[in-house]
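Here come two complexes built around chain A, the first alongside chain B, the second alongside chain C.
And then the complex of A and B:
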């Protein structure tokens, strides 16, 4: 039992546990007309005034933490528990991958804790047993909104970073197909469009994630940027990345080169490549970007998207491709769509076929308990009824065990 | 405010309850509402539609106080009876056995009204109930009043008090006699406290055809309580009984459906609910894990807003049965909030089959079993909306 205390916690000492008897007594209070006003958005304010039965709880609580911080060693027994990611791992492996709410939570709690869940474990198992001689296998994480696809992806990325893979992580492909201010005509190919801003941001993050590889990998072609600058064959990839970051106009081309080189060289076996794309359905959907004459742009006319599509094809070896389809950032897709078929569309589905679909669903009861425990341990739930059974049941009902919703609900308490 | 009218009108001391108009005033429904308010222990504001005649008089100075003469009332009664027979004829019923309920049914059939206010709908009742009771002239030709308490101002009230006190003294005298003889036996009175209540002030005023003050009424109630606490015989019981009214207990009217069982033996129960224009029908299963399915979709997807899900949670949370039932329901019409309210009502009604009667009563008091009567108010001509008026321009 020692491993469960992260910080000493007063709540756990005096847990209020209601037995069946007090329900009857509390019914007397129910007849008070003032209590029947339905209270607004403060979710967990119960209508019944409980009597405080300070019975210290002896029954085994769900343990919410595990000290096993290496994703490689996570197994079935860790399901429902949180493990923490050390700070420098966070900076190197996941500079841009975490969802914004999670980033806020990390900042609040001063630690990044991810829950170990079945879909991630399944994927880890597959990844551990990949045969790198075969073409890269595609895994697609799908599920309803708020079930934890992005965080599962981050779990996988952490694992791969620990295992020293090269991580090619696009945090949200949807960001590349909408709200782009400056579109330039591509220097490389007149038909396509460049997105300098997005490309340069991504290059920066890529650099922080994979510093050590960039000097090792050598470029196999000569690339001429403009009249004065060029990259020779055999120079390290870091130079290309630098060029892209400094010369923002060429950033998109730099991205294209990086992708091409990595794909080519991962088959050689020097490193193992993980391609992780979040919101891959953006690659085959529609965009909201328009040309100057207000005609819409198809995704393949964006250079970034075009190169990424080539990356996601399974014609290379020595790595794995892990993808997520999400409706949240998607354009022109109905709210209730969550299956890969619906979100990818015919074209995308045909391109990605064959892939291994992995469903990410809502928490099961054990995971739910673990999550609530974690919040309680961090003193996040301040409502006095939050740690009672009744409070938990209410939260369960209101969020229907959906992780995203639960997090939003608990934010109010 | 009542004082000026009492003093003016020199010759007649008619007590007018109405400001010149006939209907509304003395409907039984008004008293029932007020009486039930009294029953809960609080003296609520009893509507005074008709009293304080001074209120209406300011604008309509020309209107005299209408007095209904005895002949007029008699004529009205005859007309009413003839009218009742005609109505019975029209409806094809036997005029001899045409009761007041039949009359009411016939009128609602012949004059259907969509008005919400029940008292504004067409009625046909006996003139005694419609025209306010008025006092006949209380003195003779020589100017001498008939009643010995006339000069108190409230003759009926004081005579009633006098009578009641006389009875009290009588009973006490009898008790003393019995005690003297030694035959006195302490018999505790067992009166049913719930089934009946005292008359409220308006009812008493109506009975006595006189205006009373609150202190008068309090005195009267105290005296009657004192009388009823003593061991009385039949005549006195009957006297006290004249001033008590029975009270119906609301919840007994509610019908509870029995549980039904489907093929697998699982107990389930259905309920229907409405709110604004939404209609919902819910099937609640006895054993389940708290899943709710609406129109084939999970409730998390159907109601993305937390407020709607809280509405769904309310009946279960109230009965502490949060994770124990499965619900399948269909809903149509209305908007998101009214659909949530309709489902809540349907679920609460369906749950009645699973719980004890006490819990049904608690739910009823919590308001879970009442259809919300609020509907969209119509827009009126000359206004922009139901209540909003057009922007007022000074010129």
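And then the complex of A and C:
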């Protein structure tokens, strides 16, 4: 400190302390995005109040993170900022929903951070104001490739998991209509086909996501699996799920039972049901699966798809249905198609007809800056020129602010 | 490498302006590598900073140079050279060497996947390391790439020289470009031949680059073998006449 004549000015002391506090706060922001900042004494609390009113005199950078980790409290002011999902929530709420590149990013950075964006906020607003006495409303997220439909869906699922809803999440319906090694003829209905592998994998993930509900919900019918095994009326749903996981042959039927029971009991008010399907256009498209005589199978001949279609109809109350239509992974659809009408086809669109479409578009300039800032904070952009203005302009030009493309570009820079 | 031979075409006729005419006429020789541009064609200036300099700040020589360029004919810029800030001539050369059958799209995607794999591996190491080690771990895939190739460059090479009816391997100092070429060639050959059946090129290449960065691994061993052979054939050094 330089020597000053006379008593030091209170304003100057305050300014210097404020500078120090700002630096401390911004450093703590970087270290612990999830922790709440504790400030002990009264004097420092006054300074914190000053902080909120005055502009900090650090260099003006885009802010990319927010401390608000509860999706219920996200609002307009958080658009363009990343919030982190704790590892526990990731395991329970989203065991199988995240896109593979995002999973790689989570592993590399050791944290799962999602950006808060307008389409997700809109959907959250609608979900907060749902009337559970009315039939379930269908929301369809649509947009071009790489704009963030799946991650918006994951944001919604995290919100619903936090609010204690029952989550019925099908991570990618396209996986159920192609590349199936073992197709069995269904025991329940001779015309339909079973997919034991896909059904058992889904049941395992469903169990991890909704452990606590499975013991509370009771089955309302007796189900006979074979000569020796049956599930009595009134036994918990967990038994049905166990049966499906252990006896892989009955997995598809177990899935059908789970869907039927949940639909029946959602209007009773014990739980609120969220049906989240990614790539719902697979339910009404074509499949690449063939019978032994090489004749093609239509989607309704697959038991999983047949039961899922019943779930997606809006004839039940006590929840909401959030769907995504995507061209990636779809079969026999042109690459540039992204509108619901083009991807669902006539049959699908008519079935889903009164739905609320939500467009997910590329980043706006603020979100783009926030994304670049997030990568810079994690030291992901290692190329020297990526830190400069020129580099940012080039990234903007190359990616056209498309989130998926930007992620791929920054991966090797 | 034998002394370069220039072979020249016989009788070029009906040539347009600027296309190279016969340089040297020797019977029975055709020029193998030539450029369709004559000697008066200048190389294109791709650097954006050159054009962004305001006219007021140019020195006399630079103003003269600019005026001169207005009168000169300039070659077309190749499609692979961009004015992007992220462009790297070494990476471009390596991608071209990895390319098979003109499939540049595949070669470039393999290169970008390799850089990404290197980066992710280094990040993993960084997060697993203690605070002191974190300062030593290099996470920039481009510095790792350049350093690895520099570590693989041989200092001295062997050249077969015909003397008295026998070919002798003579130790010879290598030009810079030959050294860079050998380093890249050895790296690519190692990754193509010695990898397990189902391992993909980016994974193997990233592994080899990281090992070469730390100066261990099969490519460095090959460089040392070359040095040892050159040392062993020291006595034949007099066979070199250049």
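By our rule, the second predicted complex is superposed on the first by the 354 of 413 C-alpha atoms of A that agree within 3 Å, B and C clash if a C-alpha of one lies under 4 Å from a C-alpha of the other, contacts with A are read in each partner's own complex, and residues count from 1 in each chain.
The working rule: contacts are C-beta pairs under 8 Å (C-beta built on N, C-alpha and C of every residue); 3 or more make two chains touch, one makes a residue touch a chain.
Predicted model only: the values in this text are computed from it and were never measured.
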Between chain B and chain C, pick out the one touching the greater number of residues of chain A. B
With the two complexes superposed on chain A, say which partner A:96 touches: chain B (first), chain C (second), both, or neither. neither
First (chain B), second (chain C), both or neither touched by A:110: second
Check whether A:402 is in contact with chain B, with chain C, with both or with neither, and answer first, second, both or neither. first
Kindly classify A:394 by the partners it touches after superposition: chain B alone (first), chain C alone (second), both, or neither? both
Dual-contact residues of chain A, meaning touching chain B and chain C, are 390, 394
Chain C partner contacts - residues on chain A that touch it in the complex: 104, 108-110, 379, 382-383, 385-386, 388, 390-391, 394, 411-413
For the complex, which residues does chain B have touching chain A? 290, 297-301, 304, 306-307, 309-311, 313-314, 316-318, 320, 322-323, 362, 365-367
Which residues of chain C touch chain A in the complex? 84-86, 112-113, 115-116, 119-120, 123-124, 127, 139-142
How about chain A: which of its residues touch chain B in the complex? 23, 27, 30-31, 33, 36, 38, 40-41, 43, 46-47, 144, 335-336, 390, 393-394, 396-400, 402, 405, 409
